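Heads up, there are several structures right after this.
What follows is a pair of complexes built around subunit A, which joins subunit B in one and subunit C in the other.
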Partner chain A sequence: MEYRANFVLATISSLASMGGALFALWALLRTEYAMNGWSFNQALIVVGIYTMLDGLQQTLLAPNRQQISEFVRNGTLDFVLLKPIDSQFWLSARKVSVWGVPNLFLGLGLIVYAASFRLEPAVDAANYVRLLVPLAVSITIYYALGYLLSTLTIWFTKLANVTHAMHALLEAGRYPVAAYPGAYRAFFTFVLPVAFMTTVPADVLLGRGEFTWVLGGLVIAAALLVAARLFWRYALRFYTSASS
Partner chain B sequence: MPAIRTQGLTKTYRVADKKPGFVGTVKHFIKRRHREIQAVKAVDLTIEPGEVVGFLGPNGAGKTTTLKMLTGLVHPTAGAVSVLGHEPFKRKAELLKQITLVMGNKQQMIWDLPPMDSLHVNAAVYGIEEKEAMRRVEVFAELLGLDEELTQPVRKLSLGQRMKCELVAALLHHPKVLFLDEPTLGLDLNAQTAVRSFLKQYNEEQQASILLTSHYMADITALCPRVVVIHEGALLYDGSLEGVVQRFAPLREVKLDLAAPVEDAVLNRFGEIEANEGRVARLLVQREALTDAVGRVLAELDVEDLTVTDPPIEDVIARLFDSGNNKGETTP
Partner chain C sequence: MTPTPRITKAYFNAFYALMTTYRAEIFFWVIATTLPLIMMGIWVQAGASGAFEGFGSVDAARYFIGVFIFRQLTICWVIYEFEYDVVSGRLSSMLLHPVNPLWRYILLHAGEQFTRLPFSILFIGLSLFIFPEALWGSGEQPGTWLPQGWRVLLALACGYLAFLLRFFISYTISMLAFWIERVSALENLNYMPYLFLSGLVVPIQTLPPALQEVILWTPYPYILWFPAQLIAAPPEAMPAELIARGLLTIVGWITLFAILQQALWRRGLRHYSAMGA
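So, the complex of A and B:
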């Protein structure tokens, strides 16, 4: 905890960002606007899950993702590839960062708060346990999408913008997919599986998750994971290494 | 089984071709032009276990690309390559545990942490038992004269200390084949010597094969009985170190200590004058004409001492690459 100021700032930024999302939600739902079956409190859970997921990815995924492009650019990927260890594993599990921790707890807090009252049926401990599976699915999807994009650095070297674009698109996951018009809903379900990342877990927590959706999420996560793996191995054939 | 064997090893790169300046940048952005560069052309090379081979060539000759294909970092465009019986680009753990690559201009150690931390990581990655790893580190550190450097952050180390630590990290798993790309780059003479004798000892103790590139000829003469010369991607020479001189230096140097100064016009009859400074003169003589010239010099001039030497290998190599660069022009 060497950089205390930075940590405080990260917390403030998380708070502000979540505050913004909550305000938007409140503005929308204060007029009893029916968001296709999502009440304010239920939608809060989606915001909570999104915030938590964002915290998780900031802690586990983002720092490693950023390093991949660095490794490619200055050629130190050479040393990774020379190690008798899986290069994808090494690149994915090298670093953790503490900057996501505030988000993680804020998200969790929001979920617990929103789930604690005025919900029918009531959310009990078993629901939280059941939440673990779809949550694992969403972080897996996040990881696989991120790794797929990072793999492109083998060809293009600098790709920070693409990661930002992905992050921006995933922000759609702040609200239940039901809140979006039909075309967007399809896009966020089938093209960019945002629905599986936040809406499905929220449904599960609310005790109205459908088995097919959870299963669908599992299948998508597995498929993306395999795709990320194959794509990485394919890309390495084109790695030319930075000049000596 | 040879440690390394390549047949017709070839690598072609596709590179973007951009004209300089703003207009060039815009044009490049709209319509990319690419060129194909043949970095390595049909290289055949066999290296036996325990052999130390010097890999020579000017910048951009294809040395590093060859090393990268041999270590499996770069896929060959064509040709066959086998290292310890494996195809390196498949990057099987079994092979990776037996080879290493050291690059003078890149480092694997973690910048903000002491080398010891990186060494622990490497020990874990290569599956070396903690105790054994520390024993090896101790032995290497002793040979290289490292001590507290191992527990200082890498960024606080000098280039020489860092390179020594890099070597420890690269050899911790006792590889059987070493690929060394300019391991002495930028080091001072003491550090160079230390690195050299360390490598020599490692080679003798582990019977490891070493393929070494260096721009310091002293590295080559000290370590490599055999050298391979590559130029513009193609092998130019593969044989003994002395052979390079014989093959590429047709001239020998005859140094004369004269009783009295002799005019250029007279010396010219025996060979090309390199220097004529009073009573000391140096002549360059064709190898075949040497005995004849020396005989005539002794008969016709009053000579106090006469020595025949090969020109220094640095000069030979430099001249060799030079002549390769200006093809068509004849160099003496």
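So, the complex of A and C:
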């Protein structure tokens, strides 16, 4: 019973934040403003992909991320390290949460709705299949960034707000990068790769994805994954465990 | 009882000291509240297109810097604090103090605001660095950003009123903690109208006039849009009658929520049966 109420509230807050983005897009595009060639329906797909990605990370990534700092604080990371399987894998794939489900379905619904009409060229089934590659790239980037930050808890045990901060900056991905001025675009492409997480997948679904951007996303995702791995190995050397 | 200046000072000093121990956390929290700066990017780009009459990229940059400032001033987390105090029973010991806990919460926020101040200034500096046009004006919109002194003072006063308004809305909802366990979840319901109507993602003046009129009757635009407009907009966009209307509305809403809160507080205390009571 308690969980059902929480689920309703999770849905409401998902609706609220998605609604905020839709409201902004409506206010922007009800005039003759062209937003660098992104129509309302096309921009909706970016919002949809952001919302779905958020749902995916709430389901798969966030519950595990939160646990890492708990393990470090309680000293129970010792037991994890003693297990014969890889500690990063064990820590990353331990829990699944249902709180991301509303976002997942809202995002998916919005994508399918927005892709169904008023688009040139029309979106067909093959586009949805092609979408899987950039979508895998974005969730990988999200995972790697999150893991990099979680690793910091080895040194600073209490860092709850760091992932909040990351999440807030990633919110820029609710809008296509083309809607930002140059300085922002550079930041969200090269510093915090938001562009590869939502705009590139949307472009691919719309059938105007460029090979170099998809490839660039793959390279960034791979590089961040390696970086997360190396950083974790490095950090473990500084882990002093519970009793020593 | 309302606290004497001496008690106020003691509370403030204690809470400021308390909050400075969390300064690293608070720094990251400032990053977590930079949505106005993201929206600034979107609207500066949109303003440059000239599609919004009287709202160019310079106006957009000034407006969202204003929104950022007043968002920093009106951040309110009383509902989480109060929920914890009720559920854990910590409220019982506070009730033994001769001062109404209301003042304690307000001063707790003041201490946190003061700790956050240097970080907020850092981000204001950053946005002025990204958009120096906000200060000096651009080719299309020349002129430095120099609002009249009385408007700045009024905006600051309105900023604190805005904080009180936001605080009393949240604190009124918090009172439900006497009856239900997880009251902080209700903050989500309050967040939705706040997101839409406060001017955080969409500047109210760019909306259709009929919609603006409706929004201006709600309390939300006075939390961010109104004080931000006082410092960001050209004087003719904020005429005296609009300012007067704003001041009346904000005071009206604060009074309404304060009365409601007090009524709920009295009923709630009778219902309250914490640990050991």
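Here is the rule we go by: the second predicted complex is superposed on the first by the 240 of 244 C-alpha atoms of A that agree within 3 Å, B and C clash if a C-alpha of one lies under 4 Å from a C-alpha of the other, contacts with A are read in each partner's own complex, and residues count from 1 in each chain.
Criterion: contacts are C-beta pairs under 8 Å (C-beta built on N, C-alpha and C of every residue); 3 or more make two chains touch, one makes a residue touch a chain.
The structure presented is a predicted model; accordingly, all values stated were derived computationally and were not measured.
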Q: Would you mind checking whether subunit B and subunit C clash or fit side by side on subunit A after the superposition?
A: fit
Q: Return first, second, both or neither, reflecting whether A:Ala93 touches subunit B, subunit C, both chains, or no partner chain.
A: neither
Q. Touching A:Tyr239, do we find subunit B (first), subunit C (second), both, or neither?
A. first
**Q.** Larger contact residue set on subunit A - subunit B or subunit C
**A.** C
Q. Given the touch rule stated above, what does A:Gly75 touch, subunit B (first), subunit C (second), both, or neither?
A. first
**Q.** Which of subunit B and subunit C A:Ala183 touches, first, second, both or neither
**A.** second
Q | Per-pair minimum CA distance [subunit C against subunit B, superposed on A] in Å | A | 7
Q.
Identify the residues of subunit A that lie in both the subunit B contact region and the subunit C contact region.
A. none
Q: Provide the residue numbers of subunit C that touch subunit A in the complex, in ascending order.
A: 24-26, 28-29, 31-35, 38-39, 41-42, 44-46, 48-49, 51-52, 130, 182, 185, 188-189, 191-192, 195-196, 201-202, 206-207
Q: Can you check the complex and tell me which residues of subunit B touch subunit A?
A: 13, 64, 68, 71-75, 89, 91, 93-94, 96-97, 99-101, 103, 105-108, 125-127, 181-182
Q | Interface residues, subunit A side, partner subunit B - complex | A | 74-76, 78-79, 81-85, 237-241, 243-244
Q | List of subunit A residues in touch with subunit C within their complex | A | 5-6, 9, 12-13, 15-17, 19-21, 23-24, 27-28, 31-36, 156, 158-162, 164-165, 167-169, 171-172, 175, 179-181, 183-184
